[in-house]
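Each chain gets a letter, A, B, C, D, E and F, in the order it is written, and its residues are counted from 1.
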Amino acid sequence: MMRLPRVQSLTPESEGWGYYLCSHKELRPIRSGELLLVTLQDATGQVNAKVLDEIGRFNAEFEAGEFVRVEGHGTIFQGQLQLVLTHIRRVNPDQDRLQGFREEDCVPSAPRSIDEMWAELTAHLESVRDPHLRVLLNRITTDHRDALREWPAAQQIHHAYRGGLLEHILKMAETGRFLARAYNANEDLVLAGTLLHDIGKLQELHYEPGATTYTRDGNLVGHIGLGLILVRETANGISGFPDPLRAELEHLILSHHGSYDHGSPVVPKTIEAFIVATVDELDTRIHQVRRAIAEDPTDDEFTGWHKRLGRVIHKGTSPRRPD
Amino acid sequence: MMRLPRVQSLTPESEGWGYYLCSHKELRPIRSGELLLVTLQDATGQVNAKVLDEIGRFNAEFEAGEFVRVEGHGTIFQGQLQLVLTHIRRVNPDQDRLQGFREEDCVPSAPRSIDEMWAELTAHLESVRDPHLRVLLNRITTDHRDALREWPAAQQIHHAYRGGLLEHILKMAETGRFLARAYNANEDLVLAGTLLHDIGKLQELHYEPGATTYTRDGNLVGHIGLGLILVRETANGISGFPDPLRAELEHLILSHHGSYDHGSPVVPKTIEAFIVATVDELDTRIHQVRRAIAEDPTDDEFTGWHKRLGRVIHKGTSPRRPD
Amino acid sequence: MMRLPRVQSLTPESEGWGYYLCSHKELRPIRSGELLLVTLQDATGQVNAKVLDEIGRFNAEFEAGEFVRVEGHGTIFQGQLQLVLTHIRRVNPDQDRLQGFREEDCVPSAPRSIDEMWAELTAHLESVRDPHLRVLLNRITTDHRDALREWPAAQQIHHAYRGGLLEHILKMAETGRFLARAYNANEDLVLAGTLLHDIGKLQELHYEPGATTYTRDGNLVGHIGLGLILVRETANGISGFPDPLRAELEHLILSHHGSYDHGSPVVPKTIEAFIVATVDELDTRIHQVRRAIAEDPTDDEFTGWHKRLGRVIHKGTSPRRPD
Amino acid sequence: MMRLPRVQSLTPESEGWGYYLCSHKELRPIRSGELLLVTLQDATGQVNAKVLDEIGRFNAEFEAGEFVRVEGHGTIFQGQLQLVLTHIRRVNPDQDRLQGFREEDCVPSAPRSIDEMWAELTAHLESVRDPHLRVLLNRITTDHRDALREWPAAQQIHHAYRGGLLEHILKMAETGRFLARAYNANEDLVLAGTLLHDIGKLQELHYEPGATTYTRDGNLVGHIGLGLILVRETANGISGFPDPLRAELEHLILSHHGSYDHGSPVVPKTIEAFIVATVDELDTRIHQVRRAIAEDPTDDEFTGWHKRLGRVIHKGTSPRRPD
Amino acid sequence: MMRLPRVQSLTPESEGWGYYLCSHKELRPIRSGELLLVTLQDATGQVNAKVLDEIGRFNAEFEAGEFVRVEGHGTIFQGQLQLVLTHIRRVNPDQDRLQGFREEDCVPSAPRSIDEMWAELTAHLESVRDPHLRVLLNRITTDHRDALREWPAAQQIHHAYRGGLLEHILKMAETGRFLARAYNANEDLVLAGTLLHDIGKLQELHYEPGATTYTRDGNLVGHIGLGLILVRETANGISGFPDPLRAELEHLILSHHGSYDHGSPVVPKTIEAFIVATVDELDTRIHQVRRAIAEDPTDDEFTGWHKRLGRVIHKGTSPRRPD
Amino acid sequence: MMRLPRVQSLTPESEGWGYYLCSHKELRPIRSGELLLVTLQDATGQVNAKVLDEIGRFNAEFEAGEFVRVEGHGTIFQGQLQLVLTHIRRVNPDQDRLQGFREEDCVPSAPRSIDEMWAELTAHLESVRDPHLRVLLNRITTDHRDALREWPAAQQIHHAYRGGLLEHILKMAETGRFLARAYNANEDLVLAGTLLHDIGKLQELHYEPGATTYTRDGNLVGHIGLGLILVRETANGISGFPDPLRAELEHLILSHHGSYDHGSPVVPKTIEAFIVATVDELDTRIHQVRRAIAEDPTDDEFTGWHKRLGRVIHKGTSPRRPD
């Protein structure tokens, strides 16, 4: 039996075995028994699968949240690709590693490698000219290195996978710095704002592969408040950190949603704040658009109706976007 | 010459001299010269006044923001009471104190005495049963005693006078505690929420009699963020302060505007948060309504159109409100 | 066979027989037949149940809206408690009363007894000092006694059970009177406003246990208009009822939704109107919050997403709410 | 000296005497005295005027709200026509009537004569086929004949002159009946809805020539509530008035603002209600547009910015509108 | 076997064969196989149907979008009428025409015949007095005759069937012309605006019986922009078409949604534009209301909750609407 | 007498003569005569000025919209710099040119020279790789060269001066191209969208130095519709212009306001459209912010309240923005 391809390469003809993260499991009752429905993830995406026979036996072999080894084949069901599984069990790490199981292959992840992204982050940090901001950024990224490398940018809406937060802030840093130069704004501040605007998400969300949840502080305080506290406490610990600089930096975090309606307790009042809010909104929106295009199962020129965006999306007819 | 009565008791027949705070001064140009228009305040309110003669001389005798001694008489101008001044000069504290000048008489103030309000605050603090909240509340009210006794609750909209913040939070504490008991909520938390919800205003606003201004942190961080930081830092300094309690308390500050639209970065998610947001809104609204009634110059049953409230206000025809 | 416990005390281990109100019945088609799904209610809540065998026979034994006698046992299905029924039939009142059937035990009801609530209402009425309001309140509560004791406050959103309207207005009367005293408002008027603000619901809704529906007048006129007419007609029948008092009372009914957006044709223009609208909103909101907590099936610190409230709700970690 | 022409025909060259209603009077202070500014109205519109000399003497000769006899001449001031008055005094009815003074000539009025409009109303009433609606409409129009002939439709926004309400409802009756036939709706109901939708304005507003004010009931109950009560009381007095018909008629009054946002406590739920709300909105809007065109002082193709409508208005370049 | 009646006349007792358009087909999986669910349409409406046996065989006999011949009988399922099919196959035009198959009988269509509606359109065109508008209207209706006779007015919301656009604009022309006369507006312009306001829909939508889809230009340019271009290009081709008239006509198309919120890039600035926007809104709304009433399966006085309209609809109790 | 400095360099000590554009003139009446108030502009900004004596004589010497020669000196009035004029007359071009009068020095203009900006535009055009877009852009910029070099971007809100439109679209082209590369979008399309998004403003506005007005087409069709037509007509004239490319380009114009609320009849549905709408919004906002800072007359850290932006603006305390 062959090994199944990556999720994004599965076809109805695929058949074989593979390792995945089971992010969801559900017994669907039917008259004389039940179906076992599961969602399987790997680094490239996720796919629905079902077990039709020996439900009781297989149900006992794994839980949602565990890595699993499956056997099965592809099929088309109501217009979408699915897997029909003939076997499923939880991974036995020691054994399965010998067969090629690697956790990181089974977790939905940013398209770029985390080490590559971290190197880009480091380069940004080294370019900061303001000494206080440089110290502050180094301290925060060092103290929170592990989470910052792993965290998704959100539970669902955008960049909702391993390394998603890093991917998001790096793109914002790239575009934000350009706009800062174009508008003769304080580039160090804009860089700091893009890197830290969502830093409170490290405490707002709890991330484990396959399960991003809101923490108590996430629900009650929220990432804007949590980010504010982290920046304030860090700045307090840096001798001579200028008070006006601290206030402008905090302002970037507090105002990054751009308006009261979107949950910012203060609205942008500096050019840097307008830039940070703008590149955050744009990167979020474009990520949603790209995902809508990627996930649309048809060959049509437009996607189906995207409820959150409130529109259909054009997939592109002019030659462009070689990726 | 007699002494002029309190501002709220002035009539067109009033004539004499008095001490006031001059909160505004303006040279109004007219064809062959200028009028000198000023706004005079005392503890009970404010009145417009004008100098018609010897403008140049009197204009040099004082500035806006200073206490002044005036002589003049009342008049009615376009349906409102005014003073016509024949003399005006800045107060000479040493001399004028001998004539009865007292700063506190000349500053718009809450109707209740600050000492009386402070005693009520103290009583609230003593009734707190939760030991951590009691320590935290005592620490904050002690550390910020001076400002908390003086500060207005806002620059303009409500309780915009000396002691206004204290007046506002005491009324909220009274009503909030009752509602906490009525709904079997955590009374200590509601009390703490009412007392601290606007604590960031001590840093958001800079108050001097006659001039309340926004600080840099007020504009860039805002009182919700500033209050959050103060509570977090204080709780961090109290050994064993329970983390869930800290999160719920911070939530009360962050959510007290009640909705995103009104600038809360998180919406109320606890019963205590609904109560605190409700009594804040109600006390603000009733203060605006009372002031609209007090300031309406007519004897009509309704006030004129109140732009901010978007309505006229009924002044009351049924027997009630003996005050 | 034992008797099943109250709905709120059911467990997967429960087994036995019991009396309930069947509020919903549905044949769910499956390939070779059908399931019979029902919703069962008693005074403490409601639970889903299903009949797996002899569908045709049992389907003929009762209709939705009838009291039923069932036999069965608890189970967990998709994370929620259900009953699996082996027998179900409509109640035969004469016979079943001998076995302990009582209608009132089978109807979702306010947690407090109606007699106790009525006594509290009576006490409120006796405390009214204004003679005209006292007559008017007595007349309306006497004329509509039967409905006022039974009616829910709404079809679904809050207090949607027997005695719910009474429960709602009593809590509003308690908090409204306190706020009236705190703000030196007309306590009699506030009391009258809280008791009568939803009085039009007696005509807007038609209530029978298990089925609250909108009447023609409910849909076309609405409870604000219906309440206005009832108050006007009653006041017209009371000799010497002062016209200003009538207008202020009617204003409380018309403005109690607080803003045009929420369907009030006039916005609050008296302090009493602000108080009545505030306590209505607060009691409604807290009831929704409490119910969201009560109905959440998990042990998590927060409920799941509450669609109507647009948020999750914190269930409370600090010691509080002994009930 | 010649008699001055009608207000709408005044030019900078006009000179003479005339009778007007003085709707506004103000002493505008200037350095060495005051100007006397007045607003003068006649049936065709209003014009600003000023007295430059002998202010004290003329100020004592009349009050706002009185009919006056003036002498003066036209001028252009800041791009608008004004009158400069050399004499002004209150009318002495007995004497001045001999000179041609007639009250009705001096009051801003609908362009059509009231008798002519009343005849049209009568014709509408006679065409009603439903016997109960015919009785109800006759009773209300008879009982309120005097006010209905005089009342404006609003204090300011549209049809704000004598007979304006009648003009408004007749145009709505004309267009509403046509739409009822076009959509096969109940023409009698639509007619009744158009005639009665604003009937509560007779109690909401107090009208005297030159001064339309809100009554207590107008502010506290509002014309929707007042209209509802009038219709209910009248229907109650008509033997056998069908209850469904009453409910549908009341619905037309309650829903005629079209949405909650605009202050309707119930939204349209019948085709007749959609028609009534539509023709009300359209007639109001077109009246505002026509007035904006009529009052624009320039020869430009578009009016200036109209704040309430939030746009400029095109005055028309294609041949149309012969009036 | 008898022929089945029209869709709107089907009952649970109906049994026989018939021709329909299959607009939707779905395999609904169940444990040991599948159901075949289809939607069948004819000129009078649509009905759900299911095939229970020989799924594989019948599934191969037709596709969604094809005309089909079915055999089966009515039934009631979850309160709604359905067909249970024992045979279904695609139509063989040559053969089936001999049995009475006619495409136009199987396509949801406007209630009036298209020829009759076209004659009414022609009569409107002949009555236009302005020579340039007459030429322009004739040219556009001639050039686009085929589509204009067939197109629906929308994909789903209103008049979503063959001839629906024609039905919609004729009703608007009728009511718009009346209002133009009533308000002394330019009747020719209003007529042109009603006929052309949605003319861009001929390019925005692609219509085939049973499937209305958005075109690329529909999604990217939209019917307002497409209509503007069509009118501009046509006017450019008419010698001497007056520029002001062209601008006013284009304005009617651009502003016909009535406000920015609803997607009009300019708001109505002429009386004609207010009229066109008003009759468009009214006709759309009434069509939705009528359909809600027609599709409600109960005998209740009100429909169930209509999600898009956000309300229930009264079906009418007073005698009216003979249709 | 010396020559007065540029407007942005005027001080209260300035004294001398100079050439300006008079954009506004008003006779302000006072008791015994009038003041003559004027607004004077040069390339760097505008300043208010007044004539105190010989009003009648000077009033006859010039009109608003003319270039003038003035003599006078600076002063501070109500906290703002003004000029007091002792002479003012219209420019006599032949004579005054000998004294150094140049029209372009007297007209508010973009800070960069138009020739420099045009060269930048040309460079953008030369870099376009898509042959059809290159032809289309060249054709439009050639056909409309004169207006495109002169036009302001708006009547008031932003870039409201000579060359403002060019300045605006060049900044958008710079930032838009960078974002297109960053997001791997079609750079040619984004460039074309930024250059053409407001091209309809050439017809929407009529520009003369000192007076930007809306045209008939501007009011009735608007710049979005006018730009659409220009692009469509130009594309139609280019042989083989691909239809999908045309649709995507038109989409950029139609959607550039970003949402229905802001007047776009279609919302962005391509990544290029999100980028164009984003850089338009950002450049507009930053221009407003910069101008608010430049025009604030105080040395405070924040500007005063900016009504249109709904906030105060921080002027910057951290070292940045060397310009």
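Just so it is clear, contacts are C-beta pairs under 8 Å (C-beta built on N, C-alpha and C of every residue); 3 or more make two chains touch, one makes a residue touch a chain.
Note that the coordinates shown come from a computational prediction; the quantities given were computed from them, not determined experimentally.
Touching chain A and chain C at once are the following chains: B, E.
By number of C-beta pairs in contact, A-F leads when C-D and A-F are compared. Where the sister copies chain D and chain F meet, the same residue numbers recur on both sides for under half of the interface positions. Averaging Cα coordinates per chain places chain E and chain F 47 Å apart. Chain centres here are Cα means. That of chain A falls 43 Å from that of chain E. Separation between the centroids of chain B and chain E, computed from CA atoms only, is 62 Å. Residues of chain F found to touch two or more other chains are 30-31, 216, 219-220, 244, 248, 251, 269-270, 302, 312, 314, 317. Applying the touch definition to every pair of chains gives A-B, A-C, A-E, A-F, B-C, B-D, B-F, C-D, C-E, D-E, D-F, E-F. By the touch rule above, chain E contacts chain A in their complex via residues 26-27, 29-31, 214, 216, 219-220.
Considering their complex, residues 130, 171, 174-175, 178-179, 182-186, 189, 242, 244-245, 248, 251, 267-271, 274-275, 278, 281-282, 285-286, 289-290, 302, 310-314, 316-323 of chain B touch chain C. Residues 30-33, 35, 77-78, 301-302, 312, 314, 317 of chain B are the ones that touch chain D when the two sit in their complex. Interface of chain F with chain E (complex): residues 216-217, 219-222, 224-225, 228-229, 232, 244, 247-248, 250-251, 254, 260-266, 269-270.
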